[in-house]
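Lettered A, B and C in written order, each chain numbered from 1.
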Amino acid sequence: MPTPTLLQSIAITLIQCVLVVLFVFVVVPLTVFAERKVLGHIQQRLGSTRVASGHIGITGWMNRGMWKWGRIPVLSYWRGIPGLLADVLKLILKEDIIPAKADKFVFFIAPALSMVSAVVVFAAISFVPGTFFVFPAWFPGLGGLPVSGGIADINVGLLWILGVASVGVYGIVLAGWASNSKYPLLGGLRSAAQMVSYEVPLAISLLAPVVLTGSLNFGEMAQRMATGTSAWGLVPQVFGFLIYLTCGFAETNRLPFDMPEAENELVAGFHTEYSGMKFGFFYLAEYINMTVVSALAAGFFLGGSWLLPFGLQGLVNQLLPADAWIAGPHAIFFVAKIIFLLFTYIWVRGTIPRYRYDQVMSVAWKYLIPLALVNLLLAAFVRCAV
Amino acid sequence: MFKNEEMEINLGPQHPSTHGVLRVKLRLDGETITHCKPVIGYLHRGVEKICENQTFFQGQVWTDRMDYCSAVANNLGWAEANEKLFGITVPRRAQYIRTLLNEFNRLASHLIWLATHALDIGAMTVFLYAFREREDILDMNEAFCGSRLTTTAFRIGGLREDMPPGFEKMARKFLAKFPTCLEEYENLLSENRIWKKRTVGVAMLSAEDAIALGVTGPVLRAAGVPYDIRKAFPYAAYAEMDFEVPTQTAADTYARYLVRMAEMRQSARIIQQCLDGMPEGPVMAKIPKILKPEVNEVYHATEAPKGELGYYLVGEKGSTNPYRFHVRAPGFINLQSLPKMAEGGLIADIVAAIGTLDIVLGEIDR
Amino acid sequence: MTEPIIPQAPEVPEAPAGPYVYDYAASPQRQVVMPKTVPLPSYRTYLAEVKAAAEADEAKWKKMQADFETAKAKAEADGKDAPKPPVRPVPRKDDNDLKAPWPQEAKDADLLLLQELLGAKVEEIFEQAGELTCQLEKGAIYEALQLCRDHEGLRYEMLADQSATHYPAASDFAYSVVYHLTSISRRKRLRLRILVPEGFVPESACSVYPSANWMEREIYDMLGIAFANHPDMTRILCPDDWEGHALRKDYPVVGWGQRDVAFREDRGGMIERIALQKAGQLGINLKQPKAD
């Protein structure tokens, strides 16, 4: 394969960025829609079947179009989809209120901070190891060049991910502080304590894959976890996955750990004073964070872009011919696992109540951290002994 | 450089979990509540004054608007208090139908309580499950009196109309499926670890405190006091019904949850007995068109879903209006115990405490 | 007999004149019809009424007989047919299910025990419609409440309700305050009643029954009876700056404390704004007062 020039590398990276951002901004609204539908079905209703408001304005026009659409039997179920567009329109067009006594600059920067930190994590995630696709020869300027499955192949990718993701907490804390209001302050403080606490078991549970694979690079880790671990590696992987998922729920402020925005206690938590697209940024950031957490779980524990989770693929591959389609990595598997995990998020939200704040903290410090440490020990044992 | 300060915070009047326009002044040390003071009156309409300026028949419409989640129970209290004032004997069939509707209403009210309480604690699916069953009860209200929420179901002296045809079938159909619905809720909550963590030992109110503060209803029964006015001072057709008064001794939010769930089962049992033993006969006593009392004062208490609902009426000789009308609203008295329950707890516990008291501000503020 | 105490209503500010200004002071909702009777149930009053009614009935019968005698004598004198002898009217029999519950003599052991314990402080005991009532001297209520809660033979654990009634037509008192006690263990109810004049400050029941806290605040808010030794004697349902006490009989249905707006139906001020706008289009300045 030809070696790309500097200009060509930059162009390829830009294309990758666009693709990832596209992926994020396709998955996030669909998650929002899926949340409505899945919650609806959990609660024995249909979920969203129409656009926000009645007969007038843009949404009215959309609604009228959709009633026509709805005459087609299967499509009638999906009439809520344009509601996503309407939601975005609403967020953009809404008046942007800044409280009079807020710290204006911090108030402004906070949503951007949480949004940026959420998106940037994707740089280190590789959707598929090695080459994702190769530009066809006729492509102007880039013909024949390969595009890899991740934007940046960082050799300390995990550190990068953890580091950047934990910047997101600043967004929430600063939002709570800058609003100069009591409920957001409580929400911001809660989230500071909660996220700092849960970073610990989260990082420790992610250390198990590091120990098992001996790498910090996302792609390498994913590959070794999927195909390179022994049968004994199954145990720390499953435990690690459960601990990681629990911490992931807490990190993304989802039920049962949605302390910072516990609606029934703190009205809306840290974003009580936010409106318009600033609120929209927090909203997007939450869903992007969910996707990130799901992507990490999929990559490290569920076999990444291979079919089988928990290192089972490595065991099965010994029985399969080396060039079998299901023996190899495919981006579709990775995305499917992300989607399954996103579904789990919604599923849990529809099923269980919310913890109390002090209980959330005790879950982290009394149960999850010891468990994660034991799991790390187990992983080390597996690594050394087997 | 560092100093400790308590934060004063207003929970309400606009807040997702104050069930209306309750305002609670809180003083917080971190997240621990050191001082709690409920402030009410945002929904005060002067129902007592209005009823004093209306006739005895008109007043009933206002009782609907007090506790709008259990309008039938309010109607029953009003009708019976007036019957006591005038000395009216109500036909037995009317008593049975009243009992039937009142128990359906208790189910509806408890379902609303379950829905909102679970939602406050974060279990949002129970909310919609409970509303699904409540919808059937409201349909039955509509079939009976044409109105779903503010029923004005009864008349002084009996009922305006007998049960409509098909009502019994509706009721039996509901009863047949209701136990499985209750099991659904209990599957979601009863043994749920998070639900238990949020409710066990939260918002305790001992029996002594409850009695001293005048707290009645499921909150008192969850403290181990088997005081149910349906048993203690039977009214309507409750003397003829066979049912139990469920009690718990833990006196916490979880115990109140268990008591209310058990009460729903008992209500279904009472409804079954009403349907099976429904006597024939007229549904309205023979009373004059215009009622004028003798000088008399009555205090009539009924067991509303939230507790003891008492109506105090003073009759003036020859007047068509009550001279004095006073409501002992269960929510008003029960809400007094909120500081006792919440102080020392966390801010999340006060949400559970408000939910477990099952308040409706329409009746508290009147 | 002293004058009945009628509290003065606060003065209404002068309404601006003009055809479009609603005269709220003259509104029928602001007019108060004061009650003329004192509907205070009492066995003693009832007995007196029954006796008076019987006497009146007897007097009427006597008069009818006397009238008949004179008419008969006159007819005999005139040589006409004698008029029909009068028939004593029997009370009209109504066949409805309405039997008014009259006050009855107290036979219940609790009432008798209370009377025995408190002696002269009990003004009256009677039963009516199955309810026990004990009227006490107004200073003795605290003692009576303590007794009801603690005495072995009474054991009324709970103060279920506390309320008051305004009797503007009464001469020697203005309010009755009633306490509804419930005995959970004995399944009994008891009503204690005191009659208080305007301005009297009864002892608060809070230290005996803590549930009285909000009920007494409500009484204070609605009727203006302040209670002594109450931990927090403030308004509870109305705002702190509310004028008047709503459940007094001299308080109109549209309250004194209610905000007076030029257009009573025009809460948002929309009609007024439109009126001003239209007037402005016509070149009339409605806002400016006319110069003399």
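Criterion: a contact is a pair of C-beta atoms (placed from the backbone, for glycine too) under 8 Å apart; a residue touches a chain by one contact, two chains touch by 3 or more.
Only a predicted model underlies this, so the values are computations on that prediction, with no experimental measurement involved.
Of all chains displayed, B has the C-alpha centre closest to the centre of the whole protein C-alpha set. Taking each chain's centre as the mean of its C-alpha atoms, the one that lies farthest from the centre of chain A is C. Across every pairing of chains, the maximum count of C-beta contacts belongs to B-C. Chain A and chain C have Cα centroids separated by 68 Å. Chain geometry summary: the mean Cα position of chain A and that of chain B are 45 Å apart. The geometric centre of chain B is 28 Å away from that of chain C, both derived from CA atoms. In chain A, no residue touches two or more other chains.
Multi-chain contact residues of chain C, defined as those touching 2 or more other chains: none present.
Partner chain A is touched in their complex by these residues of chain B: 7, 9, 15-17, 31, 118-125, 127-129, 132, 188-189, 192, 194-195, 197-198, 346-349, 351. Across the interface of their complex, chain B is touched by residues 39, 42-45, 182-183, 186, 190, 255-256, 258, 262-267, 349-359 of chain A. Residues of chain C touching chain B in their complex: 35, 37, 39-41, 45-46, 94-102, 128-131, 133, 157-161, 163, 165-166, 178, 180, 182, 184, 187, 189, 191, 209-211, 213-215, 218, 222, 235-239, 246-247, 251, 253, 255.
Chain B makes touch with chain C in their complex at residues 40-41, 44, 46, 48-50, 52-53, 84-90, 157, 211-216, 225, 227, 232-233, 285-288, 291, 293-299, 301, 308, 310, 312, 314-317, 319, 323-324, 326, 328, 332-333, 335-336, 365-366.
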